[in-house]
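Below are two complexes that have subunit A in common, paired first with subunit B and then with subunit C.
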Partner chain A sequence: MKKYFSFFRLRLITGLQYRTAALAGMTTQFFWGFMEIMVFHAFYEADPTAYPMTMEATASYVWLQQAFLAFFGAWMFEGEIFDTINNGNLAYELCRPIHIYDMWFVRSVALRLSRALLRCIPILVVAVFLPKSYGLGLPASHYAFMWFLITLMLGLLVMVSLNMLVYVTSLFTISGDGLRILFCSVVEFFSGQIIPLPFFPEKVQRLLELNPFASMGNVPFRIYSGNLAGQEMTRAIVIQVFWLLSLIALGRVIGAGGERKAIIQGG
Partner chain B sequence: MRERQLYRADDNMKFNGKRFCDVKNVVSDGERKEICIMKKQKVSGLRLYIHYLSIIFRSAMQYKVSFLLMALGQFLVSFSVFLGVYFMFQRFSNVKGFTYSEVLLCFSIMLMEFSLAEIWARGFDTFPSMIRQGTFDRVLLRPRNEVLQVLGSKFELVRIGKVLQALVMFVYGMTHVEVRWTAAKVLTVVFMLIGGIGLFTGLFMIYAALSFFTLEGLEFMNLFTDGAREYGKYPFGVYGKRMLQLTTFVIPYALVQHYPLLYILDRRDNPFYIFLPLLALWFMIPSYGLWHYGVRKYKSSGS
Partner chain C sequence: MITMEHVCKTYRIAKRNAGFSEACKALFHREYEEIHALKDVSFTIDDGEMVGYIGPNGAGKSSTIKILSGILTPDSGNVTVDGRLLWNSGSKVPLTKQERCSRIEHVSQIGVVFGQRSQLWWDVPVIDSFELLKDIYSISEPVYRENLVELTELLNLKELLRTPTRQLSLGQRMRCEIAASLLHSPRILFLDEPTIGLDAVSKLAVREFVKNLNKNHGTTVILTTHDMQDIEALASRIILIGKGQILMDGGLEDIRRGGESMDETLAELYRTYEI
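And then the complex of A and B:
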């Protein structure tokens, strides 16, 4: 356990070094968030009755999404892991008395955590002070806030376990570029990063809520503003835990097979 | 979608180390030929550029399956954005008076402008790595215009997937919009494409020029390229008056998008609007100025 913790710590500290990059990223995200909210406002003006969430909840959703971008961005792979597979350094990893799946898992969590830690607070602070319905509202209640934090972490773990599926399947193929692009667009779309899930037609939404992609940003961001509460919230959390466990199990099975089949490249 | 700011699909493609090397080999082969050609001192810039393209094209065609898969990937990336628009309009009938097919028309033209610019100006987009690796020194050593060489260093045909997606949307939007298509309107679309490609090329050039000073690609520039494509799917008038002014006078996106669109949709009938997109080409002047300044200030890095 200790060795995995030190991998975690190492990656976290490395990640925290890129402060200028974080500043540039934050500015960008801030503008993106703002543009996004303008679009939602335009639609809101067109027909407020057709709006599935309150405008405040939507604005909060957008800002949380921007702040915790590093948690749920599907495109954020760890290049080093693919490099390891491609250049044959995988051999060293296999020599170590550690489990590859676990090590890559903690490293990915640490990477995402470090990026989010640097970026989220300034974005959230600025967003709180924006005018109502443009800015980040306060959480619906203490209770909601507590569940927001818990499901945020669960969501992060689900995201990483999905990422892990891509890593372990790369053990079988050398070039997974096509697969990776496909993965990114699917995740972006089905997890509600392009438009929040409540904006889909109701039947589609019901269906989407069952898939693992909805167990990421969708759950915490909607709990925060009270859009997801009561029984529906409990249901969403159960689904989250279910997917987390099954994805990890699946990833480990594929990973174990991959370790046996993996070809060491390079020389 | 906002995340495209960090994620450029191609970053993921770098891992394909093998392919990279091969491409290099082919290019250096071509360079040998190019040197031979240049000795004769008769080749025009255009022919040289076409020669560059044929090298790149031939090397890409060595990996046909990979090419097709990546083009498909490009198609899917923008397809999910389209689905987002589609589902929004399942719920809302219009946004600031623009209907679904009108927005599609706007989105498709913007996407086409962007993707075509991205295909041919990709060399500027990946320019920071050229600076870092010091390969720009080689460019400067050759007796040819450096813009031509940078443009000729990359030509990403896989992005044709995005253009294809834009074409499909354009045809849908065009046939469903309730306007009569006249020669003047077709001309407006052509001008929009020309102006838009010029504008985005200018932006890519600024991105490249900035890396002369920072050595590092600046993430916030994505806001003006990928961001503009993403949010330009709705006419900029949707974002309110202030944003419209900004996108008219500072970075003239609205000139290649909002205003000519109003003409196409019969909301304005002043023929001045037809030529407005060409005005956006002025943006290339300061872009080139900055680039030129950067080249003169350039100090080599890397080995």
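And then the complex of A and C:
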């Protein structure tokens, strides 16, 4: 266990040293957040009764999404993993007494965590002080806040286990580019990153809630503002845990096959 | 002790001619060519030996090293390293999972240096990579300290440990790479072209170090290289491989001919075997 923790720590430390990148990312996220809220406001003012979420909940959703972008951003892969597969440094990783899947898993978690740690606090602080219905509201209750934190972490793990599927399949296809692009577009749309899932038509929404993409940002961000509560919330958490376990199991099976089959090319 | 018996490995390589129409054709139908990287390779290496594994480019040297280090699966044959059975297709009864040694168990006992690749973390000081390896191999604190002090001294790493890997020169990095693969005191060390691209001083330092390592710790060293001076300085035994087959296995004296340089001798050898 200790070896995986060391990996985690080293990746976290490495990730924390990119200050300029964090600053640039934060600026983008502020602008993006404002833009999105403006658009949602315009729709809201046109017809408030047609809105599936309150404006406050929508604004909180947008800010939380911006603050924790590094948790759920579909495009955010650990480039080094693709590099090791592409350039053959994988040979060295295979020469270590460690499980490739587990090591890549902790690395990916650490990467996302380090990026989010640097970015989330300034965004959250500013968003809290924005006027009501534009800014980040307070959590619906203590209880909601606790479940927000738990499902946030579960969501992060679901995201990473989805990433892992792309990494381990790259062991077979060598280049991960194609998979990566497909993965990004599917995840962004179906996970409610472009528009929150409650805004989808009812029937589509029922279907989307069952897939793993809805088990990421969608759950914690809606629990926070009370949009998702009671039995609905319990159901969402059960689905989260189900997907987490099945995705990890699937990834491990593919990974084990890839480990055996991988051929390190070149001299 | 290392034994390889009747090991074969074949790669399948997609081939096509140049040009756009050929590329389109390849979308629907691919021609594959089978490359026999290893054809019935057998040899035994005793504990504490220093073996130079030589042959022209594409002869199968790297494939052998990868199979011995447990990261490439051969098509057939038996491979045993220090009593650990890595691969077996000879016996009639297929081995169970327990009988065959797992990759993880095997690699924790060996050290590998691939001269053309890097195992150190690019952005952090070398010492951070070492600390990580310490945890990965579960090296105990006293053993780690002792090895680190010894390696730092012998490879002259003192100034380098605190530098990020990306800022090291190739020679400096190679010294760190070698140290990194010896932190867990492996009994067997595989060196795949360890002196490639190094200047004279670094080459001499690496050779001197490997020689002493073998003498003082009895580490078995298997070395692939194109540099005949490496072989002259280090190897007491030479295995020559060409087109996937072992062509010669013997001492340095067996191939040396009076007056000629080692490179000429080797070129002559390649010509005789038509490889």
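One rule holds in what follows: the second predicted complex is superposed on the first by the 265 of 267 C-alpha atoms of A that agree within 3 Å, B and C clash if a C-alpha of one lies under 4 Å from a C-alpha of the other, contacts with A are read in each partner's own complex, and residues count from 1 in each chain.
Here is the rule we go by: a residue touches a chain if its C-beta (ideal position, glycine included) is under 8 Å from a C-beta of that chain, and two chains touch if they have at least 3 such contacts.
Fair warning: this is a prediction, and the values are worked out from it, not measured in the lab.
Student: Should A:73 be classified as contacting the first partner (subunit B), the second (subunit C), both, or neither?
Tutor: A:73 contacts subunit B only, not subunit C.
Student: With both complexes superposed on chain A, which partner does A:10 reach: first (subunit B), second (subunit C), both or neither?
Tutor: Only subunit C; A:10 stays clear of subunit B.
Student: Tell me which of subunit B and subunit C touches more residues of subunit A.
Tutor: B
Student: Could you tell me if A:141 is touching subunit B, subunit C, both of them or neither one (first, second, both, neither)?
Tutor: A:141 contacts neither subunit B nor subunit C.
Student: Just subunit B (first), just subunit C (second), both, or neither: which does A:199 touch?
Tutor: first
Student: A:52 in the overlay: touching subunit B, subunit C, both, or neither? Say first, second, both or neither.
Tutor: So A:52 only meets subunit B here.
Student: Please indicate which partner A:86 is in contact with in the superposed arrangement: first for subunit B, second for subunit C, both, or neither.
Tutor: A:86 contacts subunit B only, not subunit C.
Student: Quick check on my understanding: which residues of subunit A belong to both its subunit B contact set and its subunit C contact set?
Tutor: On subunit A, the overlap between the subunit B and subunit C contacts is residues 87.
Student: Which residues, counting only subunit A, touch subunit B once they are in their complex?
Tutor: Its residues touching subunit B are 21, 24-25, 27-29, 31-33, 35-36, 38-39, 42-43, 45-47, 50, 52, 65-66, 69, 73-77, 79, 82-83, 86-87, 174-175, 177-178, 180-182, 184-186, 188-189, 193-195, 199-201, 204.
Student: So in the complex, the part of subunit A that touches subunit C is made up of which residues?
Tutor: 2-3, 5-7, 10, 13-14, 17, 87-89, 91-92, 94-99, 259-264, 266-267
Student: Over in the complex, which subunit B residues touch subunit A? Could you list them?
Tutor: 1-7, 9, 11-19, 66, 69-70, 72-74, 76-77, 79-81, 83-84, 87-88, 90-96, 218-220, 222-223, 227, 231, 234, 238-240, 243
Student: Mind pulling up the subunit C residues that touch subunit A in the complex?
Tutor: On the subunit C side, the touching residues are 11, 57, 62, 66, 69-73, 103-105, 107-108, 110, 112, 114, 116-119, 121, 123-124, 128, 131-132, 135-138, 192-193.
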